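Below is one structure, written out as structure tokens, with a few remarks after it.
Chain nomenclature is as follows: A, B, C, D, E and F, assigned in order of appearance, with residue numbering initiated at 1 for each chain independently.
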Amino acid sequence: MTEQQSGIGKTALQLVLANSHEIKEAEEKVQATSYRYCLGKTGSMELQKVVSAIETAAKRNGLVDDQLYREMHALYHAILEAVQGVTRGQVQLGDVMRTVGLRFSVVRGYPYPNSKEGEWIAVALYGTIGAPIKGLEHETSGLGINHI
Amino acid sequence: MTEQQSGIGKTALQLVLANSHEIKEAEEKVQATSYRYCLGKTGSMELQKVVSAIETAAKRNGLVDDQLYREMHALYHAILEAVQGVTRGQVQLGDVMRTVGLRFSVVRGYPYPNSKEGEWIAVALYGTIGAPIKGLEHETSGLGINHI
Amino acid sequence: MTEQQSGIGKTALQLVLANSHEIKEAEEKVQATSYRYCLGKTGSMELQKVVSAIETAAKRNGLVDDQLYREMHALYHAILEAVQGVTRGQVQLGDVMRTVGLRFSVVRGYPYPNSKEGEWIAVALYGTIGAPIKGLEHETSGLGINHI
Amino acid sequence: MTEQQSGIGKTALQLVLANSHEIKEAEEKVQATSYRYCLGKTGSMELQKVVSAIETAAKRNGLVDDQLYREMHALYHAILEAVQGVTRGQVQLGDVMRTVGLRFSVVRGYPYPNSKEGEWIAVALYGTIGAPIKGLEHETSGLGINHI
Amino acid sequence: MTEQQSGIGKTALQLVLANSHEIKEAEEKVQATSYRYCLGKTGSMELQKVVSAIETAAKRNGLVDDQLYREMHALYHAILEAVQGVTRGQVQLGDVMRTVGLRFSVVRGYPYPNSKEGEWIAVALYGTIGAPIKGLEHETSGLGINHI
Amino acid sequence: MTEQQSGIGKTALQLVLANSHEIKEAEEKVQATSYRYCLGKTGSMELQKVVSAIETAAKRNGLVDDQLYREMHALYHAILEAVQGVTRGQVQLGDVMRTVGLRFSVVRGYPYPNSKEGEWIAVALYGTIGAPIKGLEHETSGLGINHI
């Protein structure tokens, strides 16, 4: 672990905030740390598709072991917390007539100097939320962090 | 308004995420856009102090006109939405035995190409949340956006 | 019970919405029904003072028997439901830097034609919510109904 | 703008509370003010149909410009706030096995003496909520207000 | 009413916590009191099926009179409160990608020495909540109590 | 780990439900398992005192290592989830004019046959909630579970 690595949450947020021309640099920055990560996109009026897309990406990229409930449980709660930043109030999309288009990142690693603190997982979201009509939307973001 | 300016929410988030050696560059980037902004810090176990610190900074920096309820109302709801990303679930701090240390930014301007969309306001928060004991904390973030 | 009496909720709302010159007529209208009611005002940044003011008025006016938990329980939940209409989201006032000035009514009686449905209680609230600064506020309302 | 016009919220509530024989008088009262308004009915176990019905009525009656996100955003949040008074706790209907039958009003105008406060929008709801069985229901109401 | 009967809530909880070899003893214990009760199982990703299963069992076993809204209203709110203990935060299942397998009990009777306190109803839930994959789940419980 | 040990949640619930003459038997039952546990009482109108009492008991009894944030973080979220079962809706006590008197248990151990699932922690609560007046109260319960 490099001592100068950013917080795991900031790392996750910077990955989703990077524009297409910045993403390479952002990824290289994370690769220089001890963190592992994955990136993806998801968009839906159904919240469960958002949750599912992030879980699937994290499993496929080996960030969590889907045979261990403990890891899936940690990831799940980090996702739900990030979603609360996105939905701000009601954890609902289509039910209250809105849709999201999101970039997501999942970052896993040792964010504390004391190695006994073990691994943690961060989920960051950034994109748009709004009516299911192009243009009727504004930005939204969320961050969830959990021990794993 | 420069055409290439980032979203108002991303701009607000990048301001609170910048480290001390990045902040100058981050501020210059915003100054090149048509957005106006202010930055500050706040930490408390009392949520109302957090709300109040952001409102005061926004007023002092002329981002909102405190004689117009319409502007204060827009700011207030943007703050509350950002706080929901930070608290994820219960909009409470000391009542549930936790404290925050946050950087905040408030950004105001025209984020949409169509000038009739008028001005919007974004509030971004980034910092730590946790027990009122040094070190027992993890990162947290929130973003609220409203028309003004 | 007169057959044409309004719903218990509408009755409660009309009492809090009546202006000073309409209140006499509004009260007479309720007095012509089988409903019993009381009216009051409360204003605070502390939610518990609002709850307490309504409970006290209902007890003093004999709308509930404060020796019976069953009646206090019914009233309490009707109050909390009405407060949720007022606060819309977080059931909080001062903690999120806002204050209310409210008129309240409590109405008790038999709202259903079938007398076996027994008595119900309605709590209506109407007034203003906003920053603790004169003028920085807008209207708010809430209605709670429970069997008693 | 007539000086004696009621608050925009009270106006919206009185429109949904008016019985069939009172509605003409209630509408005339609003027409004497500077407020614009529309009225409608909606009933569903699906919350998104309620949101959609109000949005559609407001658009068709020219109360909001559906080409401007700013106006749709203001309306949307006013609707959600009104719905919170109706649902009191969970912003859900069919998911928790309940249905609503509602009258709604949308009122737009200048509620503050200071014209710089600009236009605001109020959404009022009144009707019944309960089990999806005739008669197993009680009254419910909600009010949402936003600057536009 | 036997004087030594447990609280109505504890009684409801003990019924859902009893293992198969303990259930006979648990039921006999309740039968020795003045409480009436029913027991059942339900599992779903749809919250409304959970609500519906409990309502149906309570009606079929004569614990509530489905012709009286007052009784259905009391039961409904007791169910919703119990569900909040199970879901802890968002009153949602499938929408946030999770499922439950629950035992439920409904208990009705006079829990207070003062007979004027009348009848109350308790709903207890115990089982598992988790991802819709066998094994990825942990225990969950909830208790709701209301006057009837 | 004995194969027949109950779930960690059920174990925690049975500890708080046991009457004074049952508690010895209940404790012996847990001592026969691999679980570690502690028991306590707390009562307050202030939620933070409830949270604090449970944290302190868990630390003093060596159930969590207060030098490790990871353990305190796991415990904290388990407590908050249990509190949500107690408060059902608003995670608030005195602010909405109510008080609790609770027994609590904290149980730690390996609830899954697969030892890779590691340790989990359960927090159970049982007692009364109501107005701050003796007798105006009913039972309440909550259960929170987290990986540690």
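As a working rule, a residue touches a chain if its C-beta (ideal position, glycine included) is under 8 Å from a C-beta of that chain, and two chains touch if they have at least 3 such contacts.
Chains and their UniProt names: A, B, C, D, E, F = Hut operon positive regulatory protein.
For clarity, every value in this text was computed on a predicted model and none was experimentally measured.
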Steps needed, at minimum, to go from chain D to chain F via contacts: 2
If you apply the touch rule, which chains end up adjacent to both chain B and chain D? A, C
For chain A versus chain B, which are copies of one sequence, does the interface use mostly the same residue numbers on each side, meaning over half shared, or is it different? same
Among C-E, B-D or A-D, where does the D-E interface recur, judging by over half of the contact pairs matching in residue number? A-D
Compared with chain F, which chain's mean CA position is the farthest off? D
Averaging over Cα atoms per chain, report the distance between chain C and chain F in Å. 36
Using mean C-alpha positions as chain centres, tell me how far chain B is from chain E in Å, no decimals. 44
Note: chain D sits from chain C at a C-alpha centroid distance in Å of 20
In chain A, residues with contacts to at least two other chains: 69, 73, 89, 92, 95, 120, 138
If we use the touch criterion from the header, which chain pairs count as touching? A-B, A-D, A-E, A-F, B-C, B-D, B-F, C-D, C-E, C-F, D-E, E-F
Contact residues on chain E for chain C in the complex? 68-70, 73-74, 77, 112, 114, 116-118, 120, 146-147
In their complex, what parts of chain A are in touch with chain B? 6-10, 13-14, 17, 19, 81, 84-86, 88-89, 111, 120, 122, 124, 126, 138-145
Contact residues on chain F for chain C in the complex? 89-90, 92, 94-98, 130-131, 135-138
Seen from chain E, its contact residues with chain D in the complex are 46-48, 51-52, 55, 69, 72-73, 76, 80, 83, 91-92, 95
